């Protein structure tokens, strides 16, 4: 084999190895959750599930509190997406389109808030939310998830608007648009796929977040919060099914936004 | 390009729609007027809650939603904040006598004396009726409902290794240690289990301490307590180290990770029922001062300011009927707090359980310990003291006496703050129970 | 920051950039426009990030009846799990970051070679990004629990009859190893994405130029790629470290309290022991650690060019 | 259709920076094709953007068709612009792109149909109206950009290097098409380019810019023939004008310069520079050349021979100076060959030390 061929083979071998490392655990959790309920006690476990059964998954999905938590998670996610887009898209646009004094500092601050430990924020917010009547509600958790998602939304939307050339907006203004009109007719439609990606990313983040969600809710848990608080009182198969239900939607979403993820995070470091 | 983008949007919207559609609808539609919400510290594990909803509540006179509480402290703060802010969402409270006690002390519970008089024909034992007064003179704050205790679950495969002269129905702690050592010597495996991530504090509060010291708070750092912990260290050496992550013992019993395990009967019953041929339930071991065991009395109460009192009372009436009491026994392994006739045809698991429970109660020198009383919001912190003591002595190998002194002073602070008087088997106290 | 940057925007393919257009001054209304556009976000982040942070500090020092006290910290540091949890958190962080970086960097380099199936690999390799720390913990629990898949494989290979107790508290090393593997599995994707974003920003000509001058792969990596990648590396390091300090759900799901860490302690104090003050005290410890490590990275991982730029 | 008057326009982008456009005056006649020519960074694009209203001047006024538009936004200036990047909206079809401006003006649907089709025909895009930009070639996109501008029937058509992103052949073809199209429309047009060939071939007049100022405005051949400065001479023409340094010698009422052996008569205007330095400019095609000694010529030596097809481009040295000259391709040139050259006297352009032309007077 030529030297080049050898190198290529090594490259693929490495890629395959990493792929297996990342995929096999996902396979196992699926395998663990599609057996009958008491197969969780089997040892040794068959590596290929023997009796296909959706008992475990359906038990989880119909367990009281799960449908509500599911709904809560979706509500929280939608609130987080809506608010962070409404607030973040204009900010991203400003960063992409304008040069203004203090821009770098502002960007740095926005990024810094992203790296602020959510653990620190949740506890005082729980206390505050009690007095604002936001404790244990979807808007309460949604707003905290917004705070976590907003910086990334701003960065991704900024990257998206960088990708829409200024010329296009200017062309529109020479063709009879106002500046605001040019934004809505030209930049916004072109940025939509990117904005959708930012929205999905925020949704996935919110869907997965567990610390704030469990601190800020008591009865109206989101799905991960419910699973976390049930860890000690639920049988293993309940947790396994929960993991599968948690993983599936975000896997689908990530598929659609992976291209923007690279662009967005590339932008972060500029 | 536009088409591609449109199809992507379509797929994403499709997935979202599927997600939303796949949300299972609530089985019981909430009828606004007659709906009753039960808030409970019991039947909180996922399996038990499911059975409770699907079986016990199947024929209830009102549509009932059952809300399990995370733990006793949450329960207390939640009820208290609701009653105080006059936004009571719960119609019925299900809990242990110890859960109701601080609520009653703060005036959060309704007086259920009329209901109690109406339901007296259920035949509650007098001792339970007295307990329902929660220290008041003639008010009954809850209706006795269920009782339960903790026993040992034993896999028959462990029986051949019993030390000479030991009977599985009449074990002492030393024999348990010897048994574990014997198994470890012969099989190389540590097959005793404790729910250290579960109800282990009840083991210390109701079993270890009463059996060795005939006390819980007053004897916390006593010499006999040190002896108890010395025994525990030996026992721990033959205990499956995975115990630190067990919250229920039926899972490891069923999977064969452990052979001998202490837990709440409700958390052993699945093992006993599913594996009836291999599994027996036996009384807890006895110590130098007797056989300490804990009986928990569960009852039903109504918080002040609760809407729909009539429906709530109907639900309480329903839940204390014989059918439901026996169903709870059969399916959830809690015993009736009434004179409900126990049928001869219980399944093997429940049957061995009832034998074990009876044997435990009737044992000579048995010490029926109470669930800690009067700690209110300090309940979690009080239990944490025991848990920390366990971890420090057994897992971190810290010197017993100094750990007990350390944790004892924390406990003294908590008891002081809560103003809790001593409870059985500690001798009564006038003020807060002294830590000794 | 340059005023226009080419990115893989939605229409990247047909957009050709005009020569750099200098920043444009606009009439007065437009001069305040960017501030107006940014104001809502800044306000929101102040309310939900800055203010709670201040609150957290207050909460950590709050005694009964609104007094100020350091008793919460006394109680926290005297808890027997405090120092172990600090130690565990730090060991966790220190063991994860180098491993994860090498893996993520290799992954980014592999993707960046543009090998066939690149899209497939990129998707699979970003899947863990979609997986929450909680779910990741449960996923690995199914593998490492005593009758889990790993032991099943060992059993099938005849290496163990009953399986090993990887999650036992006695086996500190395997406890750590299991958690580290799970966390690396979950979070390497993020680091890879950041590095890949940075790699794609490096013009290929630099590498090609180095090739022409006869640089080996390693020389090229060391002298061209890594220095140019410093900004990305720094962002990745900071984010990753801060997330590592906050680690909690993976560990709770996987090993419970066998491995106390700061994040889980804060959670337990708030949730199980109902004491927000001590929970806040724990969160302050997390904050201090985060700030310290960030400052460390900012001073250590620096570009010469940036230092020159700072004095400009 | 309209004329344009630019008065004392100044534009500085950032405080402390050199102005991008400094106090420029320019008048463009109605229907005229005016080319702004200059190297990159000379301010020509900025001037165009000021005209379009995309930038606001620091000072000065701009009037289009007699109306002061200085404070008007782009959409109210009756202009249309073709961008260097074309700025075609990628999410709209060709038809929607061309019709965008008309739609903004609420022109009726049927009229849009008719005008878009007409404009598309003019740029030969009739068959592509339903396509999207990503399905078009570079040249086709350029045509869309032009059609989108002319369909507006603007008073002024602004073009920012519209041909610079095309390859050489297409550029040549488009140049001619564009010239024909604009001539037919007879719209006042401002065209920015850095390519002097484009400027010469397209413009009715050329305004040459440098460092934010206009140096010379004139008809293409005038600017070519009579550059106002050495910069203009060097920037326009391929090859650029030759510049030879010389010292002015005045004796016997005769002013001459010595360019290497052969004194040249200098015009009167140069006399004032006696004893000083002067730069003599001469176009490559205005130098006669012999392969043997000739009377009253300068001796020179060939250094490089570059055949250009119809002509030969020779780089020759005269004394210590170099110059480039064009000769017919049958000239027997070889490197190092001694030759004789003589600049055509009437084609000599004289510049002072600052590079300003002193003779002949414009």
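To keep things simple, chains are lettered A, B, C and D as they appear, and every chain counts its residues starting from 1.
By definition in this document, a contact is a pair of C-beta atoms (placed from the backbone, for glycine too) under 8 Å apart; a residue touches a chain by one contact, two chains touch by 3 or more.
Treat the numbers as computed from the prediction; the structure is a model and nothing was measured.
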Please list the single chain whose C-alpha centre lies closest to the global protein C-alpha centre. A
When the contacting C-beta pairs are counted for B-C and for A-C, which pair yields the higher total? A-C
Report, in whole Å, the distance between the mean C-alpha point of subunit C and the mean C-alpha point of subunit D. 56
Just give me the whole-number Å value for how far the CA centre of subunit B lies from that of subunit D. 92
Separation of mean Cα positions, subunit C and subunit B [Å, integer]: 40
Cα centroid separation, subunit A vs subunit C, in Å, comes to 15
Where subunit D touches two or more other chains simultaneously, the residues are 54, 83-85, 90-91, 134
Give me the residue numbers in subunit C that touch at least two other chains, ranges are fine. 10-11, 15, 17-18, 23-24, 146-147, 162, 256, 271
Where does subunit A touch two or more other chains at once, residue-wise? 41, 43, 165, 167, 179, 190, 192-193, 229, 231, 236, 253
Contact footprint of subunit C on subunit B as seen in their complex: 1, 5, 70-71, 73-74, 77, 189, 197, 240-242, 244-245, 255, 257, 377, 380-381, 384, 388, 391-392, 395-396, 398
What residues on subunit A touch subunit C, complex-wise? 8, 11-12, 14-15, 18-19, 21-23, 25-26, 28-29, 31-32, 41-47, 83, 86-88, 90-91, 93-95, 97-100, 103-104, 106-107, 109-111, 113-128, 143-144, 146-147, 150-151, 154, 159-160, 162-167, 179, 190-194, 204, 207-211, 214-215, 224, 227-229, 231, 236, 239-240, 242-243, 246-247, 250-251, 253-255, 258-270
The residues of subunit A that touch subunit D in their complex are 165, 167-168, 170-179, 181, 186, 189-190
With touch defined as at the start, can you tell me which subunit C residues reach subunit B in the complex? 10-11, 79-81, 146-147, 162, 165, 167-171, 255-258, 271-275
Tell me, which parts of subunit D touch subunit A in their complex? 52-54, 73-75, 79-81, 83-85, 87, 89-91, 100-101, 104-105, 148, 152, 158
